[in-house]
Amino acid sequence: MTNTSLGKILDSACRSIQNQIGSGKVANYIPALARVDIKKFGAAILTLNGESAFFGDAYESFSIQSISKVFSLTLVLNQIGDKLWKRVHHEPSGNAFNSIVQLEMERGIPRNPFINAGALVLSDILLKDRTPEASIQTILNFLHEISGEGRIGINHEVAISELENAHRNASLVHFMKSCNNIENTVSDVLEVYCNHCSISMSCEELSRSMLFLAKEGFDPISNKRIISPELARRINSIMMLCGHYDASGDFAYRVGLPGKSGVGGGIVAIVPDVGVITVWSPGLNNNGNSLVGTSALEAIARISNWNIL
Amino acid sequence: MTNTSLGKILDSACRSIQNQIGSGKVANYIPALARVDIKKFGAAILTLNGESAFFGDAYESFSIQSISKVFSLTLVLNQIGDKLWKRVHHEPSGNAFNSIVQLEMERGIPRNPFINAGALVLSDILLKDRTPEASIQTILNFLHEISGEGRIGINHEVAISELENAHRNASLVHFMKSCNNIENTVSDVLEVYCNHCSISMSCEELSRSMLFLAKEGFDPISNKRIISPELARRINSIMMLCGHYDASGDFAYRVGLPGKSGVGGGIVAIVPDVGVITVWSPGLNNNGNSLVGTSALEAIARISNWNIL
Amino acid sequence: MTNTSLGKILDSACRSIQNQIGSGKVANYIPALARVDIKKFGAAILTLNGESAFFGDAYESFSIQSISKVFSLTLVLNQIGDKLWKRVHHEPSGNAFNSIVQLEMERGIPRNPFINAGALVLSDILLKDRTPEASIQTILNFLHEISGEGRIGINHEVAISELENAHRNASLVHFMKSCNNIENTVSDVLEVYCNHCSISMSCEELSRSMLFLAKEGFDPISNKRIISPELARRINSIMMLCGHYDASGDFAYRVGLPGKSGVGGGIVAIVPDVGVITVWSPGLNNNGNSLVGTSALEAIARISNWNIL
Amino acid sequence: MTNTSLGKILDSACRSIQNQIGSGKVANYIPALARVDIKKFGAAILTLNGESAFFGDAYESFSIQSISKVFSLTLVLNQIGDKLWKRVHHEPSGNAFNSIVQLEMERGIPRNPFINAGALVLSDILLKDRTPEASIQTILNFLHEISGEGRIGINHEVAISELENAHRNASLVHFMKSCNNIENTVSDVLEVYCNHCSISMSCEELSRSMLFLAKEGFDPISNKRIISPELARRINSIMMLCGHYDASGDFAYRVGLPGKSGVGGGIVAIVPDVGVITVWSPGLNNNGNSLVGTSALEAIARISNWNIL
């Protein structure tokens, strides 16, 4: 596939959903997200053999929110490997992303690393022997390394708002702490988590940063191994089964690729052995996933025939 | 890949787990399953280009149990298409295969077609304008067509025992009927369901019958289209996310392929664009999936590098 | 208190709620209940010292529905005593009357004898060594004995409709049978249960029949002991805590007496050491209890100062 | 009844359970509770006509824990009346005292004021226009008033330990705050709650303090109205239905009186129109209620025939 044909696929797919742009509902629990223009739409495809295609606002930074959980999962798996599964399961939850019911039933062990409770455990593990500031810097350094882009940083207005609105997440952390599944202070865990969710990146940067997941853990641009082939596949399996909360089945059904969404409207999808697709459209559906973004990915997967199933 | 190299992969994988044979616990809720020899082990790989490899008891028939749900899902999707999703969701359940909790929360709409409640709805749809006998014959005819093997049939001892032990499933059907999600009589639905689960097939026959799912709905041996490419991929997505009940995440994590297990100890895994692997080992793990069979598939996927993630 | 003053209390209370008559919603899941005139209103008070007062449709028979569970609980406690509590708990359920969630959590042991699942276990126990017909006759005989009224019987139209609409209850019985908490066939249990709920009685007859519960198990008219003082108090405690499904707290808060409601619009309240009050008004509130009946009982309890708390 | 006969009842009841003393398990989540001598046993009965009887360690102070919720409920009902029920229901919960499941299902409205979540809302209301210190002092002043005993105070070692071990309660408060059912800061609410649970009182003082609940809100010793008759009865109804968490049914069944237990081993039971019984024995049963204390109350109620049912 040449750059030209890649561009044609992306253009064709994005044009097919253009009349949907503006649909859905922008996340409104914090002002910095609520005021994002619902008409924004960007998409970026990068392939393992160096091709790329971009559409619309592909270079504009947005709040990556839960997409950040893929990066922290990678760091944590590199740090402690399969020991992670003593503290977090890797099963779909069947409940909303911030549900506490399952946590009570299963005594403080979250269902997977992508629901909030699970990602809060990841933050707790990243805090091991580090201050919150150092933990956040570790995540940023990792992002700078895998993206080749040193300017990626945190939107502090978002981070402050997230912390001010963190009562549901604080509830989850205190609950898990009462079950001995949190080692650090609740405020430190929330500080790492909220900052981490407040990272801003563009579609282009997200696709670039996750190329290693399309190539069994190896980054084809820097020629560095980021994570073992085995663990890379396992991250993909968790994205496939748990990447869209309680609409993961619908995403697999429609798109057929491992993916991870964020409430900022971004979705990253991995095409194993091929490349990475990122889309951004801030209007969300009822499950908290980008409405137009999902449609765009469905169109791209259909036209490119990249569905892995 | 030649038949020789395919055989070597299978031999090598099966030998690597040979010391586990006999582990787990045979299903004991009906006598006909309870007396199956726990030391049985079979495996069969068929590829789209006509290669094949077999190991151990690959030609011995066993009770396919829930694997049958893949066949009824295919028939129902061919019959009513996406209308099915008004009566069954396609999300992982996060609960045990026979849980009724989710059904009450979601007013009689099962989470997916592979938990018992969902498969009972499939049986209800297959009964549309047909007697139970005709519905069961429709399933058998379909199996004869896609397997090229007219002798596949029902183990009547198993079917009778299943019907005698169907109180939990009867509870699910009555519940859904009270929610207006069952059209036929409870006893007709249970008759179709229990007979259908009592079909006996060998590893070789199961791999043969599901080849169409590895080739986007097209059977490479009979050169017939069994289902549309789109729906074939969707069946695979449901196998990937929901094929192993509340251990689907673990299967995806370890094996990385769409699969479906049955309490008789069989597991079928689809390798898109490559072929189908079936294993059989009657000892089950705590989640009701074949313990040794899962290990064998993990080894085959690792050695062959057929993991799609 | 004289008959005159008793009559004044009842008159005054009933007049205070007269403008509410016609409120609520008549049960409409079966035709025989749906066509009851929502404007019906009756009340009957009988005291231990032989006084009585009646209001409105106090002598008209209506479908007692779940009020019948008090009679079967009495029979079963006389039959097997505290052994009952191995098969049914005596705790408030916190869930709707026909919920199956709790049943799954607690492996087939219902929370109390007044939710449907619990009353179905009572029916199963009444079937011990009896046919369904004999079991139903046992209940009727008991009613004839404690009411002194041999004409009390079953409304067969209601009974047939109940059986035709019993899918939710059938689901509960099959579920409990799968947990080994039902000994007889599902259809026999449902036959006893549905007939039993279809008994017709008037306010006057209900108050008469439950006098023994106001006098520690002793019937002051026939001078017979119906049940031991200890068990009589225990029936009252279950009426107090569980008599109005998930609105039992509200009834205790407003009325402050042990009571039992039925979906036919009747409510019986026990005033220990004093007597029995029965009201009937077919319009139900959102919890399935008589809306105007509860208001009437609240007014009677306030004016008479019979609240036991 | 004379002091002599009251004393005989208490002696006889306490002696009948003496061989049980030392049974159960002392609360061990904080050191100050864990080291209480399991062999302690006290009981105190005060009647409305001035009689009293005491047994064993009736004058020794212990940690009243959840019994304090009766006092805060009284204060809050006096403060805002029935407006309380917009923020807390008054139904039995059917779940453990610290369960968060129900809170998620019912969007942050606790089932009743006696489960932890409900009592935390009471603390939030007591904080209205007051500092935590002033709120705690308000509770103590109220206790001094209704007990006539100005030395009742907080065990600060217990309070500090409670605060250090408050993660489960913090989880509940944050959760309700995310549902807009908490107005003050989480730490202020916890400070009031934990101090309040750490009040030390003796059996004698507890019986004295609750006399008003046996006399429709009127304190017979100080001749003061503490709360209206209507609200007093309603407090009793909540004690009757919800006073022993998910064993409230069992307490009603065995004792038949409104009561409230605390994890320190105390139980207070109200005998309307008669008086108040308090028992203390630190060994708890599986539901967190005093094992021997419940048996003692059962014996007292049986011998005195004070069961209100």
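As written, the chains take the letters A, B, C and D, and residue 1 is the first residue of each chain.
Going forward, contacts are C-beta pairs under 8 Å (C-beta built on N, C-alpha and C of every residue); 3 or more make two chains touch, one makes a residue touch a chain.
What you see is a predicted model; the values in this text were computed from it and never measured.
Enquirer: In the touch network of chains, how many steps separate chain B from chain C on the shortest route?
Expert: Tracing touching chains, the least step count from chain B to chain C comes to 1.
Enquirer: Which chain has its C-alpha centroid farthest away from the centroid of chain B?
Expert: D
Enquirer: In angstrom, rounded to a whole number, how far apart do the mean CA points of chain B and chain D lie?
Expert: 56
Enquirer: Roughly how many whole angstrom separate the Cα centroids of chain A and chain B?
Expert: The computed centroid separation for chain A versus chain B comes out at 32 Å.
Enquirer: Taking all chains into account, which pairs touch?
Expert: After working through each pair, the chains in contact turn out to be A-B, A-D, B-C, C-D.
Enquirer: Mind listing the chain C positions that touch chain D in their complex?
Expert: 89-95, 102, 111-112, 233-234, 236-238, 240-242, 246-250, 252-253, 256, 258, 272, 307-309
Enquirer: Can you list the residues on chain C that touch chain B in the complex?
Expert: 99-101, 103-105, 167-168, 170-175, 177-178, 186
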